[in-house]
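Read through the structure below, which is laid out as structure tokens, and then see the notes.
The chains carry the letters A, B, C and D, assigned in the order they are written, with residues numbered from 1 in each.
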Amino acid sequence: MDKQPNPVLLDALDPLITALRIGGFRVVGPTVRDGVIRFAELSSAAESPTGWTDAQEPGRYRLRQEGELVFGYAASPDSAKRYTHPPRTTLFRWDKGPIEPEIDAPPTALIGLRACDLAALAVQDRVLGGSAAYRARRAALFLVAVDCATPSAVCFCTSMGTGPKAEAGFDLALTELSEPHRFLARAGSERGAEILAALPHRASAPADLAAAADVTRTATARMEPRRFELDGVKEQVAAARTSPVWEEIASRCLTCANCTIVCPTCFCTTVEDGTDLSDGAAERVERWDSCFTFGFTELGGEPVRASGAARYRQWLSHKFSTWVDQFGEYGCVGCGRCVTWCPAGIDLVEELERLR
Amino acid sequence: MTLEMTPIPYRVRSRRADRAESVTLTLEPAEGLCPTFEPGQFTMIYAPGVGEIPISISGRGRFGGYVQTIRAAGAVSRALCRIEAGDLVGVRGPYGTPFDMGASAGMDVIVAAGGLGLAPLRPVIRELAAHPGRYGRLTLLVGARTPSGVLYPRELARWARHFDIRVTVDRPDDKWQGPVGLITHLVDQIAIGPRRTYAYVCGPEIMMRATADALVRRGVPAGRIALSLERNMKCGLGHCGHCQLGPLFTCVDGPVVTYDHAAPLLEVPQL
Amino acid sequence: MTHKTIRVGGLSRVEGEGSLFIQARQGRITDVQLNIYEPPRFFEALLRGRAYTEPPDITARICGICPVAYQMSACQALESICDVTVDGPLRDLRLLLYYGEWIESHALHIYLLHAPDFLGYPSGVAMAADHRDLVERGLALKKAGNELVAAVGGRAIHPINVRVGGFYRAPSKRELTPVAERLRRARDAAVATVRWVAGFDFPDIEHDYRFLALTHPGEYAILSGDVATSDGLRFPIADWPSHVVEEHLPHSTALHARLDGVAGYLTGPLARYALNSPQLSGLTRQAAAEIGFGPICRNPYQSIIVRALETLHACDEALRLIDDYIEPDRPFVPAEPRAGIGHGASEAPRGTLYHRYRLDAEGLIAEADIVPPTAQNQARIEDDLRALAEPRLALPTAELAALCERAVRNHDPCISCSAHFLDLHIHHD
Amino acid sequence: MSVPKLAVWKLASCDGCQLTLLDCEDELLSVAAKVEIAYFLEASSFKGRGPYDLSLIEGSVTTEEDLHRVQHIRRVSKHVVTIGACATAGGIQALRNFADVREFISVVYARPDYIATLEHSTPVSAHVAVDFELRGCPIDKRQLLEVLSAFLAGRRPVIPEESVCVECKERGNPCVMVAHGTPCLGPVTQAGCGALCPAFNRGCFGCFGPLRSANAATLAGLPGVTRTFSDFQEAR
């Protein structure tokens, strides 16, 4: 976009949801379900987690009611990955030749993505951009980001340089402000600007902008205790390939793969071949895989990375070292999901510091 | 619409069971022409309903198509070995980095193959043999488990016109008169001018490392030793993650790499 | 011909593995043994020392055909110790789950195990070659039952959603809607099944059975009730041990049960029907009237009709429960353990299944006792065989053996269930 | 090609796994059209003679007689596939895979004498060569069908060796361990059930047995998990 119009104030989310639905999008946003924040299809803002916040620490996540914010929680177990890179897709059926299914890419508006989620999408774009199916699903997304106000105790986007404010890669971005409760909204794309212009809105005042800056300042300060120096990490991790620390981590790691599956940038997949019992037609399915599964590197019946230490090393080294070799950026965006959702509570930031 | 993960139907033009417990297929697209390839590249071959595996391209068929040699190692390769002339399989590719034929121009060339490693080296050898003037001394070292495990025996005889060929086996039979033992012994036996030698190596990983190390010991720079890595591959596109070796996705950054890049990676156990 | 021995090496189309041995001398049967050679699995022993929360998951593994029955009897016994009552929508959910198991188990027996006897096929699958539509109807009926169990219990075999006090998670009304759709079709299939099996050719045999079943004032008893018998006995479940005594017979890993000192009573569909048939759903009673089926049936071959009626009842009642279902506020009633003894019984598809537990103050199981229906029926099945075989000893052995095997199948014995028994013997030592 | 012969055998077990075959209501008749069900006592009085192309065995070996039976089955079968936790793990025997937690677990067993008894409950593979082991208590219907169609197509069954957590995340369950503090065996248990228990708000109790690469010692150290862990071993 050529010129950035001033952010405007929205008093409620419902008109946005309605406008997006009328615009042909399935609107997906945060809801409270079974004790966690989950993305689900929304028909109104009433389904949002208003007044809920989370407490996260390694291996632990709890929701509690506090405050009045709609987006007063940090990264949820869901990320945009499910929508751009679904857990399971049929690649083709084969009956004397391939029969490709339509790419399932319904226009979807994702509401509530954070700066780290946007950064993760940018990372995915670089890794999976060669895939036409990925591009189709990606192009079908309308992204409504929210500036992060309440990072959790595991977040470290400031260290990775990815947040907490949404800077780019969105159609719309909101800053949620209180007293009075309102959203400062800015467009990041033409279509975002169009939607915004059509919504009931008010002009913003300098005080609103100041309040928004304050949100980011407070959020940044919350992550200060966890801040670490990124410079040199790539080389240090590569140099630590034979460190005894990997073995020590492996004694705690369950090799369960939770960290990789929740990570918004982890992209590994496997394929499964099958035959239909009734008509004998063959089918090939692609599904999420993880460098933690035993057979991932199987070669001639034996895995190359047989030990848990080798598998943990692969995961951490990829995120902070070899990803940079391959794509010129880090594979981690600092969302902390892998830390919270690791049942053994392994904190990769802590491990990183020990490896340096 | 054809997506990158969807194989294209290829017909088995001919099938030959090799002495070496492998099967050599010539595959042609059911429609249209098959893309060009460079020595060292591979395709993903799909046995419908069974699975898809990477197989190196060993050459062009007489009427076009890819010649590919497959050994029955597991379920998918077994299914491919059972396939008959006229059957359809799926093919994606060619993929991967090739052996750099320009890099060895004007030099002595050593080609070292262990077992099935001769399959991806066949186009290299043919290229060298086709332009003998372009290169210096040509040496072909072949290691096999048994005498009958030596691939392409008839062609070997033909290549002898251009190459100094030496074959060694692990387990000789009664008729075997040649050398017995590791291919590295052959490296030690040949004359090498280290500053004007280029080597193409393919075989099991330990064989490649031992051969490359032996060459390095003889003074050949690691940057002039090309080898072809083998890793678990599901996509061939750098999307599935399985074939990663340190900073490399073996399917797109490899399989062919030079030893200066590979050595520090292969040294680390379970990388 | 004075001596005759009939052996059926591996009884087929029954659950679990057993064999049959009958010996005759001078025209009289001298020995009938329904051998349960299924190896013992020591469940009661295994339960000891374990937490009171565990029997629903562990005892389900006694039988893959009627795991819900085990879970229900176990929960009831344990809840009685914890002094917890599970009622309202949670009890309805339990009934739903149980009806699912009845539909599944009865459809399996009717279509795949029993009907082939009447139509002259070795199996349901073989029967499908000529009667594909019938077998498909049976499979669809069975599937409806399985889906109901899965919707409430998580999966069809060894459901995971049952706990002492209720469930881990209550299904939403929305989750039950598609099941209701299928059940409506299943109910039609059940009506058709009643009509179909009523037309079979039944041997004209009646036995003077002594029936035992649960009975409940509000419903055709399945989940709970008092124990009642056809000769007028009636007692609460807690009195079970003073009425039913088991003895170990050498030829079987199961025990024979005696009711007030007399062996040979029958539990199961015939017993339930005889004692409670007026409580069947209106549609079910109507179907019974339509085929001219009386309120009591003593012909073991016609147990297939009773199973068909019970299947219809289960579909009908399950539909009513889903229609009336209101999601409970909480999926379970908290149940704190204390020291004590508890009894539980429910009507497995094959009959009354009794559990007794003694807990210590920490809630660990000090003693467990399980009496499955097949063990109770074993003596009575042997009596049936005696009555069947004695007048037919002149028949060729193979033919008589086939008849005997068929007579065993009438009672749908579940040998897997019986096979955890030997430790009872150990346990009473 | 002649129609392959299928046999289904039962040792000490609850019948649930062979019932799973009969529970494939939509596929049963398709399967029956592709194979000859030559021996399947629970379903058929027809007892076809061997040799069989594929034998499915349910149940564990607990007696001398069973031992002879499995040897016989092996002799008359081209492929032997064991189905279910009893046949693949023999119940409590799976504990030997966890030598490091054995001591920890032994505290749980109030009656070591019974353990001695159950130690005689061994998986079929302890006695004869087995071509494939299908896990689960009970086995999963989709996986059973996959094994059958793989056998018919002459390929290796696609039974992923991954943790229940992978399926759990795929299904979109909240992690009961992290979000609710409920002990869960998912991280060290092989997938196959579709992460059923977490979907019902309870912890996995290990129906599909330990993951080949499981770090059980670590899980045992997490509070509240050991109890469940030993349970799953015994409950099988």
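Heads up, the rule we're going with is that a contact is a pair of C-beta atoms (placed from the backbone, for glycine too) under 8 Å apart; a residue touches a chain by one contact, two chains touch by 3 or more.
All of these numbers come straight from a predicted model, not from anything done at the bench.
**Q** Both subunit A and subunit B are touched by which chains?
**A** Touching subunit A as well as subunit B, we find D.
**Q** When I count C-beta pairs in contact, which pair ends up with more: C-D or A-D?
**A** Higher contact count goes to C-D.
**Q** Taking every chain's C-alpha mean, which one sits closest to the mean of all protein C-alpha atoms?
**A** When every chain is reduced to its C-alpha mean, the one closest to the whole-protein mean is D.
**Q** Can you work out the whole-Å distance between the CA centroids of subunit C and subunit D?
**A** Those two chain centres are 25 Å apart.
**Q** In whole angstrom, what separates the CA-based centres of subunit A and subunit C?
**A** Centres of subunit A and subunit C (C-alpha means) sit 51 Å apart.
**Q** Just the number, please: Cα centre separation of subunit B and subunit C in whole Å.
**A** Centre separation, subunit B to subunit C: 65 Å.
**Q** Please tell me the distance, in whole Å, between the geometric centres of subunit A and subunit D computed from their C-alpha atoms.
**A** 36
**Q** Can you tell me which residues of subunit C touch two or more of the remaining chains?
**A** Touching at least two other chains: none.
**Q** Two or more other chains in contact with one residue: find those residues in subunit D.
**A** Those would be 153, 155, 201.
**Q** At which residue positions does subunit A touch at least two other chains?
**A** Within subunit A, residues 270, 273-275, 289 contact more than one other chain.
**Q** If you connect every pair of chains that touch, what shape comes out? Choose line, ring, star, complete or other.
**A** Drawn as a graph, the chains match no named shape, so other.
**Q** Write out all the pairs of touching chains, ordered by chain label.
**A** A-B, A-D, B-D, C-D
**Q** Which stretch or stretches of subunit D touch subunit B in the complex?
**A** 153-156
**Q** Using the touch definition from the top, list the residues of subunit D that touch subunit A in their complex.
**A** 27, 30-31, 34, 145-146, 148-150, 152-153, 155, 158, 160-163, 165-166, 169-170, 172-175, 177-181, 184, 186-188, 201, 211-215, 217-219, 222
**Q** Which residues of subunit D touch subunit C once you look at their complex with the stated criterion?
**A** These residues of subunit D touch subunit C: 10-20, 22-23, 25-26, 28-29, 32, 37, 40-47, 62-63, 65-66, 108-111, 114, 117-118, 137-138, 193, 196-197, 199-202, 205, 207, 227, 231, 234-236.
**Q** If we count contacts the way the header does, which residues on subunit B are in touch with subunit D in the complex?
**A** 49-51, 74-76, 78-79
**Q** Considering the complex alone, what residue numbers of subunit B touch subunit A?
**A** Residues in contact with subunit A: 1-9, 30, 46, 48-52, 73-74, 88, 90, 230-232, 234-235, 237-242, 244, 246-247, 249, 253, 268-271.
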